[in-house]
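Data first, discussion second: the structure below is written as structure tokens.
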Amino acid sequence: MLTYVARRLAYSIPVLLIASFLLFAFVRVTFDPTARLRASRDPSAVARERTRLGLDKPIVVQYKDWLVKFVQGDWGESSRSSERVYPMITRALWNTFQLIFWGVLISGLIAIGIGIFSAVRQYSVADYAFTSASFIGLAMPPFWFGLIAIQFLAAGPKNWFDLSQPPLFFVGLHSVAGSPILDYPRHLVLPVLTLTVQIIASWSRYERASMLDAINADYVRAARAKGLSPRQVIFKHAFRNALIPLVTVMALDIGLLFGGLIVTEKIFSIPGMGQLFFDSLLQGDANVLVAWTVVTAGFVILFNLVADIGYGALDPRIRVA
Amino acid sequence: MSTLPNRELLDVPTEENQPLPPRREFVDEDTVIRSQWRLFWRRFFRHRMAVISTIVLILIIFVCFNASWLAPYPKNHQDLALGATGPSMQHWFGTDDLGRDQLTEMMYAGQISLAIGLAVAVISTVLGTLFGALAGYFSEWTDQFLMRLTDLFLVVPAIAILAIAIKKFGNSAATIVLILAGLGWMYIARVVRSQILSIKEKEFVEAARASGASHKRIVVRHLIPNTIGPILVNATLAIAAAIITESTLSFLGFGVQPPTTSWGRMLSDAEGYVGTSKAHLLYFPGLALLIVVLCVNFIGDGLRDAFDPQSVR
Amino acid sequence: MSDPVLSVRNLRVEFPGDDGIVHAVDDVSFDVFENEVVGIVGESGSGKSVTSMAIMGLLPKRARTSGEVLYRGRSVRGLPENEIRHIRGAKIAMVFQDALTALDPVYTVGDQIAEAITVHDNGIDKRVLQERVLELLDLVGIPNPGQRVDQYPHEYSGGMRQRAMIAMSIANEPDVLIADEPTTALDVTIQAQVLEVIERIQERTKSAIVLITHDMGVVAGVADRVMVMYAGRAVETGSVDQIFYEPHHPYTLGLLASLPRLDEERSDVRLHRIKGQPPSLVRVPPGCAFHPRCEFARCPDPCSTEVPALRALGAPEHLAACHFAEQVAKLRPDDLKTEAS
């Protein structure tokens, strides 16, 4: 098992390095850090700035310089606010993490429940209902659901019932100063809801499919032949096997979420990674963008690794490979 | 021929290799061979939702692309005095701030959303199939190279890359198509590659090879018919994904720019009206996207069932 | 004669299908007594496996069954799930064909054997359980049980896996053991070993064994009595000697004739084959199901109009379902073979 993990880890590192190099080059090529200076129409000032930033060196050298600083925690400064990039990103990461945490927790439990239920009661009315709901959930543009949710659950009711505050908040994660206990959940509900709709739609289908595969497998029939009750068979054998592909998918999806909440955060004005990206892109804030893409890629690779390890932990057949 | 001493008792002549006498009362209907294609269409049409979706989709495409003579108002026709109104008899979907009829807007926007979705899917499917097939069928290193390449690209957050690329290369509809396709082909390439790999291992390919079939013959007669299924299914998924991606990018403001409009773009304009009396501007473009993607997904599901009835729904 | 341990009477199993109703098992009856091996032989699609599934109550929900299955006189067909599961694995146990897929890949072999025991004996002491598991592994001839018990199914060879499955099935000393094609997925040498294990077990436990197979050679070596099935029906039953030396049914005759023999006396003899294909179970041929492939059939009357009943010619336990059983009885498999011209 340990060798398996070590091997996957060893594989991830070069991928991360190459990915970071490509991202670095891509962003550098797209955004010119001396852009603001160019407006001053002073070629010698621009040239000095270029030398100062090391832009005249070959891209590989630039990358090396950047990398050395990056691993030491020096991620440069934002070109907009001159703030250090590192704390900007950590702050944004924490906010996004809160969304992801709650979203995944709730979605995971519900999706697994729906998946198992749908598989065990295949073709029942409830199964068809869940299936239809997931189809709709998967087809709906996620940002649209967010807007509709705000419309009907927050801003709408506030207008229709003439409330002083909407029942659920849709701006940011916290109201301003010292708020009651319920303030945080009231901010969380809508963005997490938007997140979970998509995730549940996808994961419940997956769980259902892998449960069905497991239920139809020979070992389930053999287990019944041993005298196990249907419940024992489902949870001890079918579910345990169905978990294997599901855990992989879940880990991969979580990894993608760190950079994938751009739209949700924009709609709900949450100061997370998504909003950070959005603002930085609009402003051409190259340093932030480089760090951002590398960090999100890092999370994807990290969770790929988690998926692999999870797979190996759950499926004894893999470890021997 | 040997004599069987007791056979005469049964009084039935037996000849070596005599064909089985047909029993008139009993015709074996099961030997009717149904062609692959007929089976395919039969299965597809049994999938009610897929059939309904096909009809709905064709209808929508027809309406959108014939906007020039179907739309109630000319394109971009503004009526500033009117302003934004809700659905009414003159304006079924209402109007926006500039007094433009939303139904008309939706039709023209639909052209862009649908066209981009389709174009991206077609290009990425073609590219993906090509590369996937090459990787799967030919040598080790093309395969490894392709896999590493796609690994790399799958690591970076797609929307981010797309947004940056659009920033760099411009946001005309054509550019957007190329950029989306440029990222989209990799998923299909992986699917095609794994299909080809699994088929290559199957015995009937070995048998064909053993009997002297050329590469070309193997590809055409064995590999292609068996991969068409997954390719088509994934192509439909690609259409749905492309439509959603384009609408997301446009919603964020990175996609098509005015005067070009798409459903995502319309939603971007409407975003500010949440909770106001003009919220209706939100409903229709979103519903259109939902319905179109739903239809495409159902069709994809129907195709999957039609190609492989054993797949679990 | 003592009472049968397992008794199947007029069992019918149907499945609704796309093209019509599949008549998988059509009016099958047989008894199994203590300490004997009953072989059920037939081609794929003859209904052998479905019969065993029906006995265990493991058919899918859409199956429609009728008839009786009696275990020690007690009716078990159609019992609700929470009652029949006390019989499964404890009184009537089953060994499946493909041990690789019949064993759960994520649990160790030891765990799965232990599970077979704890399902019926919840409070058993852990140490006693462990001893029993090791004892079972040893009984079926698995070397190094102490090490093997903690291994996963994929770490076993094919033959060992099959033995592990057998160990699992006899864990509770069932009265009836149903082995569904236990040797089909194995090499010939391993087959012999597995069959030997089954015989050895029977010596110890005196249980009744139902051995389902398409391989006549397996049946010849191990069975005491045989039932030949075709298209969901029983076409001939009798002792193994009666079936092999005095077949009364053309299908049995054909099966025996198509066995390649090393001790063939005549040279240049062609391998016999039964012409045609097994019939669709949706459109079962009218009258005798075998008549389209039967060399001796007389049509239309009676072979394609009347379903032949199982009847005895002389010995009361040797039954055959053929209108011309008397004449067929006079033939021998060799008579069917022809010389290569």
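Lettered A, B and C in written order, each chain numbered from 1.
Everything below uses one rule, namely that a residue touches a chain if its C-beta (ideal position, glycine included) is under 8 Å from a C-beta of that chain, and two chains touch if they have at least 3 such contacts.
Since we're looking at a predicted model, the values are computed, not measured.
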Innermost chain, taking as reference the mean of every protein Cα atom displayed: B
Which of A-B and A-C has more C-beta contact pairs: A-B
Between chain C and chain B, distance of the C-alpha-averaged centres to the nearest whole Å: 48
Geometric centre distance via CA averages, chain C-chain A, whole Å: 54
Interchain centroid distance [CA atoms averaged], chain A/chain B, Å: 26
Shared-contact residues (touching 2 or more other chains) in chain C: none
Multi-chain contact residues (two or more partners), chain B: none
Chain A residues within the chain C interface of the complex: 217-219, 221-230, 232, 236-237, 240-241, 244, 314-317, 320
Touch list for chain A against partner chain B, complex: 15, 18-19, 22-23, 26-27, 29-30, 135-136, 138-144, 147-148, 150-151, 154-156, 158-159, 166, 209, 212-213, 216, 256, 258-260, 262-263, 266-267, 277-278, 281, 289, 292-293, 296-297, 300-301, 304
Chain C residues within the chain A interface of the complex: 56, 58, 81-82, 85-90, 93-94, 96, 98, 101-106, 115-116, 119-120, 152, 154-155, 165, 168
Residues on chain B engaged by chain A in the complex (per definition of touch): 151-152, 154-157, 159-161, 163-165, 167-168, 240, 244, 247-248, 251-252, 254, 264, 267, 270-271, 274-276, 279, 282-283, 286, 289-290, 293-294, 296-298, 312
